[in-house]
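Next up: some structures, all given as structure tokens.
In the two complexes below, subunit A is the common chain; its partner is subunit B in one and subunit C in the other.
This part shows the complex of A and B:
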């Protein structure tokens, strides 16, 4: 107990050293404070979040809503498709080949194409952001269904579990640990995609704020946006883990299949 | 049908059907050819642009950036990953930093790197490097920490101490996992690099796609996307070819796995 407590404090040493060093170097102009403003200045500049004129508050809301919409669609469609294609080896293996080819293509690249089709609309943004998370959700769902014990499936079959009962009673709970890991991975990709699309093609959002602060050289504002994006990143990884571990205590041991 | 033939058929039937359907529905005008050009046209455009147009230069530029970013990420990522997997103090010092920066989309750092390094090669390379770097630190750290303690003890007793501990014991023990981590690291480097080029560069594969998109050159957009996918496949293939050369003792174990890794 004592050891873990001491280690918790030790975790603070690294960041504190970095911020102290940065603050000192910046205040003494060893590094140019126009490019590296002292951390205290960045944090105090953070109040622009609540300043309606800067629009940053609205940008945060826009980005978060886009992320939530994308992830909701990815989970709904991805899990349904993932479970459906496990019904046949042809579908499963064939789709897998296609998805493995598409997986390493950054989703942003589909943005020009989707804007041809849909114009510069919210729909184009969300569909572009959806590409990679959707692939991830399908792959993780398939891996999750594959990880279900064969005997369990056969017992369910023998007791006449079919249709909706088989779906919600066996397949979903069995694949859940892998699906949850998939959601965590998807959240990371969604954040990347939404920020990148906003940087090139949206009229609002954190990515747009970041890019325009850079273009007009409002360096401190840019750091504020980076800080908020970092917080969103932490929420989607460490925050998500702590919630998921509480809701699915058995997940820690299973951790889902590695894709 | 023998199992391996059936497996092969399972794997390739749907992709081939999709490609044929695409070709047929675009040729027959069922899909609007302005938005969905036939696949054969896309391939012709890609080859033509590679030989006669700027695409060849863009591709070479992207590959150079990728290799530079990956080389840096591999060297520093493995070094820091091993150090923090091995020594608790190092881990406690860098853990909060890696935990915070790993999930941060590195593309968001591009403006910062452009400010620091100017609008040149370095900014894109560093952005791609940052992605692979944290990915490799985290996977290497996990691998080193998962090393069985009895293996370490046994090696120690047989005199693997000091530098020999690393060269004779640690690296051979973690090599397979390490290579897998490096493969993923290189793939993430590629993803971020292309995205960074798309957002902010003038040349390179990503920039080419952006340019083509602004000129409504649909075939070139597709050609760029297909090339990016092929690059991703190439990375996987390269690692699959290199692994048995570097780790001759792994061949047996891999065959037993069936090589079903994505």
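This part shows the complex of A and C:
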């Protein structure tokens, strides 16, 4: 989607105004610069990303890897489970109750429980982060299968499509538009969950860095981590949108041939 | 043209009810034989269960009572292949993949299935469009792909559910002639549903008239134009007279169905 320059400017006005105001208020000590250091100072402190001593570079890598592992598992398991349970109405209804019950529980709350089973391990972190995105993926996949045109399923039946062919040839592509939306939503939840769990239960990662910076009052470092998390979120959604288009080639609006 | 030896399709006292708060009887007492290479059309008011009948023959529904038998000429030959009303192509498959769909489900090797598909696409004048996606085609072309997909199955019986219903008048006329041509070339056994009387008369050996609620066969009209008819048939007085005759039969049914809808 191309926006004109004018429209692009409009997108920047809000953030620029906020940062300008913040900068001014902080420099003049109207708000305490100890807690709200001016944005220019935060940005110039950003070099600690490349500073081996701070370890922030490694924290970023750790967080990104956790996000990738979580979203990959959420998509693989969520889509498989989602499609499997649509095979039976009984299963779908039964599972639905469970999912709707679990869905509003903040995923982080499963962390203590999972540490009983797995200790404070990487596995416990990822499985905890997985809870909400996985539920989202299952729900969106089920909705996707339900949204497949009934006539197309009749075609599949009449033309003898069964088993794996039906799964990969009909159900997955048919549900894909909804699955793609599910992935977009899950990415957001994954980021939130991973950061939150890192804050309480990891020995590295951006969340942990942010939390410990706060505890020892390295306020500027804390803001640097916050900024990086925001950028990560932005990159993941922009990055995913560019991939998503390619996942649905038949949705692209190609000029029709007329004969 | 009625059945001489064993019929290709035999419906015996078929009834279909749909369960629900109020049980709906869609079809009742349907008995019909269709001979090999015969072209039978079904016309009737909307809601008379035409589509249900076709789905029973397709095996998509089970009859509540009665039997549907289709004679098998070869054990691995599909019994039916259906052409759907709104083309019902898979939007994520190319045109060729759509036509290969049936053969691939029967584990025909990919290369061979692609050859079958290209042959059928060429037959329908779509040779150049194998790599297109359905959304890039016009309505008439999509419906031809739907027909090619059914032909690629080489099934015992070709089922067509108002295949031209969503098309404009000119495209419809053209496709009617194409279907007639197919009929003459490959001599398939066809059960054809339409609400257009002239279409039924133009294409069929027999026209089955149905009444609504519950759907029953109210009359069967034999046409003796033979399979070698030409598009000029449409201009003949016999054609007009027969179409008028069928409409006279049907008028009361349609009015009754409309009155029932109003209630």
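To be clear about the criterion, the second predicted complex is superposed on the first by the 237 of 259 C-alpha atoms of A that agree within 3 Å, B and C clash if a C-alpha of one lies under 4 Å from a C-alpha of the other, contacts with A are read in each partner's own complex, and residues count from 1 in each chain.
FYI, a contact is a pair of C-beta atoms (placed from the backbone, for glycine too) under 8 Å apart; a residue touches a chain by one contact, two chains touch by 3 or more.
Keep in mind that this is a model prediction, so the values were computed, not measured.
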Touching partner for A:176 - first (subunit B), second (subunit C), both, neither: second
Partner chain in contact with A:191 - subunit B first, subunit C second, else both or neither: first
Partner chain(s) touched by A:209 [first = subunit B, second = subunit C, both, neither]: neither
Subunit B versus subunit C as contact partner of A:103, first or second or both or neither: first
Subunit B versus subunit C as contact partner of A:149, first or second or both or neither: second
Which of subunit B and subunit C A:249 touches, first, second, both or neither: second
Per-residue touch tally on subunit A - higher for subunit B or for subunit C: B
Partner chain in contact with A:158 - subunit B first, subunit C second, else both or neither: second
Intersection of the subunit A residues that touch subunit B with those that touch subunit C: 259
Contact set on subunit C toward subunit A in their complex: 55, 58-60, 78, 80-82, 84-86, 88, 90-92, 101-102, 104-106, 129, 132-138, 141, 149, 153
Subunit C-facing residues of subunit A, complex: 149, 151-152, 154-155, 157-162, 165, 170, 173-174, 176, 248-250, 254-259
Contact set on subunit A toward subunit B in their complex: 7, 10-15, 18, 35, 89-98, 100-106, 108-113, 115-117, 139, 188, 191-192, 195-196, 199-200, 207, 210-211, 213-214, 219, 222-223, 225-226, 229-230, 233-234, 236-238, 259
Residues of subunit B defined as touching subunit A within the complex: 7, 9-15, 17-18, 34-35, 89, 92-97, 99-105, 107-112, 114-116, 187, 190-192, 194-195, 198-199, 206, 209-210, 212-214, 216, 218, 221-222, 224-225, 228-229, 231-233, 235, 262
